[in-house]
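In what comes next, chain A is part of two complexes: it sits with chain B in the first one and with chain C in the second one.
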Partner chain A sequence: MKNWRGWVLPAIVVVASELLIRQTVTDSDVLVPPSKIAAASVVAMADGSLLHATFETLAAAAGGLALGGGFGLALGILLGISRSAFEVSFLAIEILRPIPAVALIPIAMLIFGFGFRMEISVVAIATLWPVLILSQHAVANVPAVLLEVGRSLCLGRRRTIISIVLPAAAPGLFTAARLAAAYALVVAVTVEIFANPQGLGYALIVSQQMLHPETMLAMLFWVGVIGWGMNSIFLQFQRTFFVRWSNVEQRQS
Partner chain B sequence: MSSVPNNHAMSLGLVGVLVIIAVWHFSAASGAISPAFLPTPWAAASALRLGLAHGDLLDQLRDTVSLMFRGWFVASLLGIGLGTLVGVSPTIGAYVEPTLEFLRPLPPSAIAPLAISLLGLGPGMVLLVVIFGSVWPPLLSAAQAFALIDPRLREVARCLGLSRSAFVFKIGLPSMTHDVIGALRVSVSLALILTVLGEMLTAQGGLGYVILLAARSFNAPRLYAAIILLALLGAAANLIILLAERRLTAWNIQRV
Partner chain C sequence: MIEIEGVSLAFGGRDVLSGIDLTIGAGEFVCVVGPSGCGKTSLLRLIGGLISPTCGEIRINGKPIAGPSRDIAIVFQDYGRALLPWRTAYGNVSLALEASGICAAERGKIILRLLSTLGLAEHASKYPSQMSGGMQQRLQIARCVAQSPGIFLMDEPFGSLDAMTRQVLQDEVLRLAAERHTVTFFVTHDMEEAIYLADRVVALHTNPGRLARVVSVNLSRPRHQLATREHPEFLRLRRELFATMAEFHK
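== the complex of A and B ==
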């Protein structure tokens, strides 16, 4: 195996904590040996609670991402193409953007109560900004040479956007989507931990409050697996579909 | 954003902000959106002014700033240190990197329940969450900056017979200042978000606590006053680091 060295550290942590905790700690609210965490994972997986919570979290994250990312993408493309639209809105965006999304959870709770709508609205606002800024950047930085090609081919504004600007900006737009997807998961779990009684975040905080550290740590591990898996899938996708583009970029530079 | 605005653009930007405030005012004052959710800009501004002058907002702000800064500071040192280690030694990198790759996408808030179990509901727990969340940007950028050091500089170091630590301090750290400070700007906004979240969970003071309490008592003006204060704090922290960056990398004309 090529990457065996990557497994050394996790293996040491697992074995050492198993041995240490088994020998010294008899009854703790935090420290449980990894074997018990594994057992709790199996139980949560078998009774369906883990998959149900996962579904709730991913659904809310996807809904919020679709809403916030969609708006962000549309606005970002608009602001990337139109210089005057960018100049009118940049200051407002710079003022609104630093507002922490978590600070909006109480307002979302007042308006929507508990449930999917509240969680989706917070995720949407949180993902709107990064998508907007990254896609604005990607569109505004389309090489001028390409736009000149469009002009000399006498393409209309619409054709230029569809067949030149968007394909040229595609890798940047995809990076925006990848980062926003990771962020959407983070925000969804955060909303659940803080307020919304559903999904993985809620399962985490409830198992902490009911003093089931093994379930809590199993959930934590599972959240890590989901985040890591999502990131890997996106990266693989990016490598498969955007290799051509990035090669072009490298040749140019 | 991508370009530096001139005066003309700045005044256009102000027009945009005024339009948004006007829309806010009319949707609140006309009752289109209930005042329980959206106070008028005037009500929010006067709640902010009164809270700062006579109330506790200044103290709460100080709490938040102190927690945020301490968490960010420790995370920055830790991140730069670990990143340097990973960047300098491919061997250490091979052992540590896969574990870091697994931990990095973990939502920092997901650490909160574990932190509560370990440290109880208090500032220590908030600090742990802030540190865990904001350690990644400096760590990754430091590791990457080392990997991207100009090969010619490496040759220079070899010709001069620099030891590995001299290489780190004389060539590595200076050449990564630009990238790492950029990452520190990202991590300071993360630190602010996580501090607010932590304060909402512990409910022992700070602007997160103010927001939580104001929402529960349907005190919308105070809620928005605290949010405005948070936005200002985030913008100020960002600006300070940006200015520090200009200062620290002024010698590096290539990058300006």
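== the complex of A and C ==
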């Protein structure tokens, strides 16, 4: 394996904590040796509860991302292209953006009650802003020379946007989507921990309250694995589609 | 034909160009030289319709300029950035044809012909990042030729290429300009390049940019890299221009 070095530190941490916790901690509501967490993971996986919770969390995160990211992307592209649209909306965005999305949980609960719709709406608002800002930035920063090429070829506005602006901004737009996906998972789990009785976050908080630290930590670890897996998929996608020409961009920026 | 009449340009409170009068005739090859900051690139951008003069007028074939035109092709200095990195050589040339509304079926033939004219036939499916600087600049020129323009504007196109590549491309540009009877407006900081290519060399003075000297080059065509550069007339012009430039620095 090429990246075996990356596994050294996790292996040391697992083995060391296993030995340390087994020797020193006898009965704790927080600290459990990794072997017990692994056993709890196997149980949760076997009885289907883990996969069911994962499905609920991912569905809410994906729904929210599609909604918030989709709007954010469309608005960001619009504001990146149109200077006047940017100037009109910039102050409103800067005022609304700092409001933490999780602070909207109470309002979302009043409107939607428990369930997917509430969680999706909070994730959507949480992912809207970063996607909007990053995609506006990506579009507004298309190299000036490329735009002049479009002008000198008399491409016209529509064709300039389709043939030059959007492809030039594509790596930036993709990065926005990748970061927003990670954020969507964080927000979905947060909403489940604090309010919504479903998904991994809820499973986590329930095991905490039932004094099952090994299940709680198994959930925690599993959320990390999902986040890592999502990011890997995005990166693989990025390598497949942008690698042939992205090295030019890097060399010259 | 390009007529520049009393053109001045101010930018950010600074006079970039002042009172430029110049007429460039049909089929003429004009090179512009001058110290950096003399506004030679600005003059090119004015002719290209990318910017407008503060006062004065530029006419192309008798008509005042109102923005960029398909009849004017611009070869940008920074070839690395002027090509679309996500398109192959083929796709980059295609861009110019898509703009002219030529149907997809016809494009292929034209593109391959242009690529082979500029010696890029075998590199049609390469991305710019896989090409050398000289090839990238050839590709940009191919894209400009695809516009089939009447006027070529070239902004220090060979400034960052090595000497051999530069000489080969100089001859290519001369050949293209002669074949297509285009007007060529070529900005460079290399005086020998200017004399080698041009029918007339325009020297600009700096701060603000203004015409310092216009020199006619009476050297026979086609030019030859060795014979032309060793010709007594070439050497005389070179001395004259160098002396003019040296005076700017006093």
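Just so we're on the same page, the second predicted complex is superposed on the first by the 239 of 253 C-alpha atoms of A that agree within 3 Å, B and C clash if a C-alpha of one lies under 4 Å from a C-alpha of the other, contacts with A are read in each partner's own complex, and residues count from 1 in each chain.
What we mean here is this: contacts are C-beta pairs under 8 Å (C-beta built on N, C-alpha and C of every residue); 3 or more make two chains touch, one makes a residue touch a chain.
Keep in mind it's a predicted model, so treat the numbers as computed, not measured.
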item	value
Which superposed partner A:Arg151 touches (first chain B, second chain C, both, neither)	second
Touching partner for A:Pro143 - first (chain B), second (chain C), both, neither	second
Between chain B and chain C, more extensive residue contact with chain A	B
Chain B versus chain C as contact partner of A:Ser163, first or second or both or neither	second
Doubly contacted chain A residues - partners chain C and chain B	none
Residue ranges of chain A touching chain C (in the complex, touch as defined)	143, 145-146, 148-149, 151-156, 159, 163-164, 167-168, 170, 244-245, 247-249, 251-252
Chain B partner contacts - residues on chain A that touch it in the complex	3, 5-10, 29-30, 84, 86-96, 98-107, 109-111, 133, 136-137, 140-141, 182, 185-186, 189-190, 193-194, 200-201, 204-205, 207-208, 213, 216-217, 220, 223-224, 227-228, 230-231
Parts of chain C lying in touch with chain A, wherever the complex brings them together	48, 50, 67-70, 72-74, 76, 78, 80-82, 84-86, 95-96, 98-99, 127-129, 147
Chain B residues within the chain A interface of the complex	1-3, 5, 8-10, 12-17, 19-20, 36-37, 94-99, 101-103, 105-114, 116-118, 189, 192-193, 196-197, 200-201, 207-208, 211-212, 214-216, 218, 223, 226-227, 230-231, 233-235, 238
